[in-house]
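Have a look at this one before I ask anything.
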Amino acid sequence: MDYSIVILALPFLMFLTLALAGNKMSQKFAGLLGTTGLLVITILSYMVTFQYFGMPRVEGVREALMPYNFEWLSFTDKLTINLGILLDPISVMMLVVITTVSLMVHIYSMGYMHGEKGFQRYYAFLSLFTFSMLGLVVATNIFQMYIFWELVGVSSYLLIGFYYTKPAAVSASKKAFIVTRFADLGFLIGILLLSFYTETFSFDQLTAEGGFFLTSTSGATFMGCSVASWAMALIFMGGAGKSAMFPLHIWLPDAMEGPTPVSALIHAATMVVAGVYLVARLFPVYLSVPDVLELITWVGAITALYAAIVACVQSDIKRVLAFSTISQIAFMMVALGVCTSMIPGEGGLGYMASMFHLFTHAMFKALLFLGAGAVIHAVHSNEMSDMGGLRKYLPITHITFLIACLAIAGIPPFSGFFSKDEILAAAFNKSTFWGVWMTVVAAITAFYMFRLYFGIFWGKEAKHEHTPHESPATMTVPLIILAVVTCVAGFIPFGEFVTSNGTAYHIHIDPVVATTSVVCAVVAILLATWLFAKPNTKPEKMQAALPKLHKWAYNRFYMDNVYQYITHKIIFARISKPIAWFDRHIIDATMDMFATVTNVAADKIKGFQSGKLQSYVWVYIVGAMVIAVAAMLIFI
Amino acid sequence: MSILSIFVVIPILMMGGLFLSKSMTQIRTVATVGSALQLIASIVLVVLFCGERAAGNTAEMLFMADHVWFEPLNIHYAVGVDGVSVAMILLSAIIVFAGVFASWKINPLPKEFFLWLILLSIGVYGFFISIDLFTMFMFYEVALIPMYLLIGIWGSGKKYYSAMKLTLMLMGGSALLMLGILGIYFNSSVDGNLTMNILEIAKNNAIPESMQNILFPLTFVGFGVLGAMFPFHTWSPDGHASAPTAVSMLHAGVLMKLGGYGCFRVAMYLMPYATVELSWIFLILTGISVFYGAYSACVQTDLKYINAYSSVSHCGLVLFALLMWNTTAMTGAIMQMLSHGLMTALFFALIGMIYGRTHTRDIREMGGLMKIMPFLSVCYVIAGLASLGLPGLSGFVAEMTVFVGAFQWDDTFRRVFTILACTSIVITAVYILRVVGKILYGPVQDEHHATLTDAVWYEKFSTITLIIAVAGIGMLPLWVSDLLRDSISVISERILQYI
Amino acid sequence: MNYAEFLGMGAEMTLMVVIILLFIYDTFAPSKCGKYLPITAITLLGIQTLYLAFGNFADVSLFGGMYISGSAEQVAKIILNIGTILVFIQAASWVKDGDMQIRRGEYYVLTLITLLGMYFMMSAQNFLLFFLGLETASLPMTALVAIEKYKQNSYEAAAKYLFFAVFSSALMLLGMSYIYGVTGTLYYNGILSNITASPLTILAVVLFIAGMGFKLSLVPFHLWTADVYQGAPTVVTSYLSVISKGAAAYAFMMVLKDAFGTADLVWLTVMYAIIILTITVGNLFAIRQQNIKRFLAFSSISQAGYIMLGIMACNAHGATSLLYYVLVYIFSNIAAFAVAGAIERASGKLNISDYDGLYKTNPKLSVAMMLAMFSLAGIPPFAGFFSKFFIFYSAIETGTTGMYILVFIALLNTIISLYYYLLVVKAMFLKDSEAPIATIKSDGYTKAVVFITVAGIILLGLVSWVYDYIYGMVI
Amino acid sequence: MEIPFIYYLIVSGVMFFAGVYGFIARRNMLAILISLELMLNAVDINFAVFNRYLYPGAMEGFFFTLFAIAIAAAETAIAIAIIINIYRNIKNIKSDNLDKMKN
Amino acid sequence: MENIGNEVIFYIIAAVMLIFSVMTVTTKHLLRSATYLLFVLFGTAALYFQLDYHFLGAVQVAVYAGGIVVLFVFSILLTQGLGQNKEKIKSSKLVLALSAAILGAVVCGYSLFTHIFPASRYAMGEEITMKTVGQVLLGSERYQYVLPFELISVLLLACIIGGIMIARKR
């Protein structure tokens, strides 16, 4: 599959073209260029997909291919960064996800971003992002992944800060970058630690069977945990940052300051799942460190619950979606965390479920965001209070949005049901505790999604300056396509393609789990309908009943304030400022002091040069005598 | 004449040309042609060097030439290059080239400005090609003193103070250095055949251990002052802040590299025993530099101060990596030198250009420049991204090589400092993005700025040259590391023997 | 009695001939020929220098070992001659000034007689001859310092110089008398073999060092320096600061080595302390000076400290480095004094602050001054750097830890010295002035001396031949 | 019985340091000069005595004294010339007046 | 007897010299100072005679007493007005001067007394003839002084030139 290189090269070339020559092009041309390019990439990745999954299994396992892998930078004899393309089930699956969503977003943006200043720049950044994300998923080694990991980070930064004159966007982009960067620090140290023991970055060696990883780190411990655990936990920290796991999630809601299609692409469908992808990629390794898997489960579960609760009370629709994204990604994390073996049927189900959910979630969440974008496009606001009753004006958006909501709520036959069901099943497999926990979260999900849905399309109609109207075709077509995908994706025999050990696995719905979750979801939806479908005062009453909880949830449990405190009060005020002060007033002053002392000394001794001959002579003779006496004392 | 001497001859010819120049055009022509020639020569040198290496020439230094200079004192004019010096020469040539364009409109006294600048470059080139301690030291000082005039005459702010402080502190360092060099010389051989030649000293390996323990700190600190090692870095913020654009570029871009290179070539190479014995002290100091520079940069408000502290941090990383001794870390150190040289030069060029327009460097007084001068702003963002270690730009490869190299040690002491150093990449992001967010993004802060113009051709030329170089290293790091690796492993292995 | 031995003293005899010729010329030539006196003096001394440089001289020891002249002495004399020629060129425009015209003959003759005295000082192997040489070098110098006798600065300086000189020679004589008392001879080689350690010996050596300390202006015997340098006419100051100092340094080395070589521990220790004091105190005083001549005086004090490092080495490199340092110092300091003198004559201004913005109006003079400052400060590629390096080299060559420390202290002091040298550069180049010194039209002599010294500053270091030559002669 | 030569040295020493005292204490330049003469004279005695008592073989001390006397004379001549010159200029020969140049 | 006489003479001379050298520097009258100096110089000459250095004594009398002191007297008369020939010594200066002189004297005295000189080879009445003096002064061997003799002539010439140049009116 030599042509797979084009999938990487083309977006990069497009980025260069658009970045360097974008100003010379018309907006339309730039948009078309970008979209066409992406279309080509999409087609190519579909070809890759078909070809890859069309290949026969080797001993029942899907073999990983590595059409390219060249040395990019060598550290030591053994440790080298290679750049290459690794095709295996999950990377191919990701190719599909990324190119599909990206293509949709490209098309959608032609309408959504129409006439914006910096349109060409926007497309350039999109290309850059696509390139980076594709590079990330096809990485053959952990360092290549890290490289593209950083690159998606910066693309995200650039796109969040696209409206660079808006201070909120600027600070959001900064926050996103720095928080993920902080997480990446963990990732980096994890990589370094890992590679120190394994002497390799390459995935195929790291994940090779036979406990290569474990044997090489055996014995080394640090603070009670094995070094292997530390390394993997730190790597997970990177993933947690990118995937907005609690408590590193704070950047994601703010990232909604970027253009909505960007949110759809980066902050819903692709980049934010990179963390999940990372864990999946290193899954065999994680399996060998169960304590870290436990950690992942806990982090995922807490995040899922936390984000779901917060999502219930947010008023900005994109923030609701953002928290929903956090929560859903946490689902995927939990799914990975609850795995206990490589075999899908015996505790390895979560892996498949996670990937499946990743896939379906990408589609419906992109759809939700794009739909939200259409809404925002229509009413020029993000606030739910400015919306309501829009179903009349935006019929296509309304329908597609509803489909997505149903999917995320886990209502059959929409795709979300299938994937979430697998996750819940995996969770129950591990323990009932996790199963119940996740089911509750799933129910809350249904609740807040429908709160959102009703808030936008039903409820009290807000006053509009001009009548909202349906979006142009460039925007609605992607919505429709994604809605279709959302409807049918659940029926894809996902287990055939992606499983933890590469063997085929037949998805079967566990009736108990499925029923429970659907019932819960339906109840939640009904509750939402009761509360929000018609304008009424029930929500306010509920707020009044639980003022503390509402306030805390509305303020996202003050996580941002904690961070604010850490950065401003501790890092800036307690570390940076004192260091800067120390530098100026201690170190620098010490250096200056040498000069001052010299000057003072010069001043003090000037009395000897009195201009009086006789005092000179006195100094002369006394000096001579003193020297003589001193010499006598030394030598006699 | 050795090909290497060209690097000293061209600038001398340039100085002659400048001396004869009458008009601004002539001055510019001479400067441009000369620096372009040098750039070409350095590229040719790289090609020749790689060709020789590919042809299987494994000598430690290539293109050696040796002329007796002061015979009674065993002082030779001895030149030779290995991969590290070749890389450094290329770096210098690029930055001088860019620096010439960055000072296209220098005023007043353009002729003098270029004369001094070129004199500085003689020192730099000479330093990198020398393998005789005396010659090396001489060129080292040649490179230092023009700074005084360059900052004093063409600088801004409290330039007298800064220029004096910079010069005196650097000369203080070189005072230590001179003592160290003399000490090395007089212990260079057991059989009385004293020599100043670095290669021979290394071959003799005769410096007694007790002497090494004295001489190593002398030379290391001596060079470390120029490498902005804590606590001898304080000349750097003031000096950079006051220096004119091209001088900041050259100084941060090339001159500070002299420090790292010297530590590597003289202190560590010649005194491996003491390197092993005493590294811990300097690891602490440089580790502090890395950390401390980054944190200090976070709260500065003057663009140049931010960059100067960032340089402290980055150059600290250079020395830090050198003290990790293994080939990887040292390769990383040299790559960090290249990378830091280029991107800091780019930074200072841009700051100079922005300052030339807004007449302020206080980030609180600027905002929304992206709208007003998109070219400069985009370049600034690129420089910033390079600085915070974005893959594809030079900073990343260098830092990663350093960290991977440093991580090859598994004792707690080095681990802790390595991780501490790693944290600097986050802090770097903090202060870089703070600046970018403050001055480039957001609304226009001062309506007077709204009418300012974007970069003109020579400015673009200057910045693009540097960006290409930054991206070149970042995208294709392998050739750089291959160029460096062999030369470094010689030194690294030499040191590792003593563990 | 073999008076043919007089002919063995090639340098002294030829210099004597030059003196006599000039004396005759000055006395008997028609007054309109007086204006050719400078060029005659320069030419004659030049010829004599060439003769010294290229004549065929054997190493001699004459007058029963009282006088020696080897190639080392010869090269020292050549160096002094070069310096004197430079001073003469510098003086040529000064002696044209109205009041000086009538005394120019005396100026040349007296200067050359002091030079003769220095020759003897350097060639002496006997304290009597040494002392006579010393006095021949200092007493006429007094007259030279007082040559602008109606200016208060001039006669005040002369008085201070004279009284100080005689006082120091009295002390030195006391020292010599004790040496005589201890060893029973005044011949160096006799002293060398007879000297014994006792308080009296130490006292005698210290008194001798004090006496030489006066000539070399070592701390604490330096206090006259600044006042005399400031008061004396600039040309005389430059002569005093370089030639006189250089000769004294060489002679001092000869005495310490040839006469007190066996008591070296004593004088090494004493000199160790004195060098540290000299360099440091000289520097500290120099920082505060405003008057350029005073400034150069203190700078020359600290330079003397560096020169003394060459003595500490007691070996061929030490002697070579010392002579080389003196040579470089001659060029650097004369360049500084030539520029200062030119400015003084044109504008009467002598303060460093008056130099503000000088580069704008007098670029060439400023550059020359700057190069001189750089050379004095030891900045490469100028000669001063080389001379400093070599002097440190020779000091460390002895290999003792104490020397490392001494060199370290000296090196730290170079930073201070750089500071004040840069102050001059700062005034000329960095600062602006509302009323800078107007553009000066220098005459040919000034141009020539500035040109030659600048060329020397640039070339003396880079061209290794000079050092090699001196080394070849000394060894 | 011969006189111990150290007695001579004591006499000369006292003379010398009397000269030093005079040099530092007196204000008049001529007085200073007179003190100087005392010092020089004292040293001459040392030479002569050492020669006579300890090293009578060669006449080094003797001749040193001889030359020293001549030099003292020459120096006095110059000094008096300068003093006269100063007197001519400022009608005063107080050493205190010689402090125009100082820090 | 002769020895004793010699001794007595020495003590007398020594006493005179000590007293007058101190008085030279302490008297407030400049002219007296010069006179006392003359006594000291005579005393020195007497010492030389006593040491049988007759030539030296003669030179001392001729040059010092006859030449220098006369010069002093003339210049004192030239420069001192009648009323202003007294001077007072400031106490600060007195302290300086005394401290320097005493310190020097103590150091010298200590050094002299601790040094072990070789045995005295004093030979009474061993006269140095004029012929010897002349030969040594003009010989060129070791311990002969023609070169210093010539050099001092140059020095004296220079001093004459210098002295004239300074002292003459123009």
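Remarks
Letters A, B, C, D and E name the chains as they come in the text, with residue numbers starting at 1 for each one.
Everything below uses one rule, namely that a contact is a pair of C-beta atoms (placed from the backbone, for glycine too) under 8 Å apart; a residue touches a chain by one contact, two chains touch by 3 or more.
Note that this is a predicted model, so its numbers are computed, not measured.
Comparing chain pairs C-E and B-C, the larger number of C-beta contacts belongs to C-E.
Among the chains in view, B has its Cα centre nearest the centre of the complete protein Cα set. When chain centres are defined as mean Cα coordinates, A lies farthest from subunit E.
If you average the Cα atoms of subunit A and of subunit D, the two centres end up 96 Å apart.
In this assembly, the C-alpha centroid of subunit C lies 27 Å from the C-alpha centroid of subunit D. One finds 65 Å separating the Cα centroids of subunit B and subunit D. Subunit A and subunit B have Cα centroids lying 36 Å from one another. For subunit B, residues that reach two or more other chains under the stated contact definition are 168. Shown for subunit A are the residues that touch two or more other chains, namely 595, 606, 609, 611, 613-615, 617-618, 621, 628, 632.
Shown for subunit D are the residues that touch two or more other chains, namely 9, 16, 19-20, 23-25, 32-33, 42, 54-55, 58, 60, 63, 67, 71, 74-75, 78, 81-83, 85, 98, 100-103. Pairs of chains meeting the touch criterion are A-B, A-C, A-D, A-E, B-C, C-D, C-E, D-E. Within the complex, the subunit E residues that touch subunit C are 107-108, 110-112, 114-118, 138-148, 150-152, 154-155, 157-159, 161-163, 165-166, 170. Residues of subunit A that touch subunit B in their complex: 71-76, 79, 81, 143, 146-148, 150-151, 154, 157, 161, 164-167, 169-171, 173-174, 177-178, 181-182, 185, 188-189, 192-193, 195-196, 571-572, 575-577, 579-580, 583, 587-588, 590-592, 595.
Taken in their complex, subunit C has these residues touching subunit D: 127-128, 131-132, 135, 139, 142-143, 146, 149-150, 152-153, 155-160, 162-163, 166-167, 170, 173-174, 176-178, 180-181, 184-186, 226-227, 230-231, 285, 288, 294. Subunit B contributes residues 165, 168-169, 230-231, 233-235, 237-238, 292, 295-296, 298-300, 326-328, 368, 370-371, 385, 388-392, 396-397, 400-401, 403-405, 407-408, 410, 418-419, 422-423, 425-426, 429-430, 433-434, 437, 440-443, 477-478, 481-482, 485 to its touches with subunit A in the complex. Listed in rising order, the residues of subunit C touching subunit B in the complex are 316-317, 320, 374, 379-381, 385, 389-390, 392-393, 396-397, 399, 404, 407-408, 411-412, 414-415, 418-419, 422, 425-426, 429-430, 464, 467-468, 471, 475.
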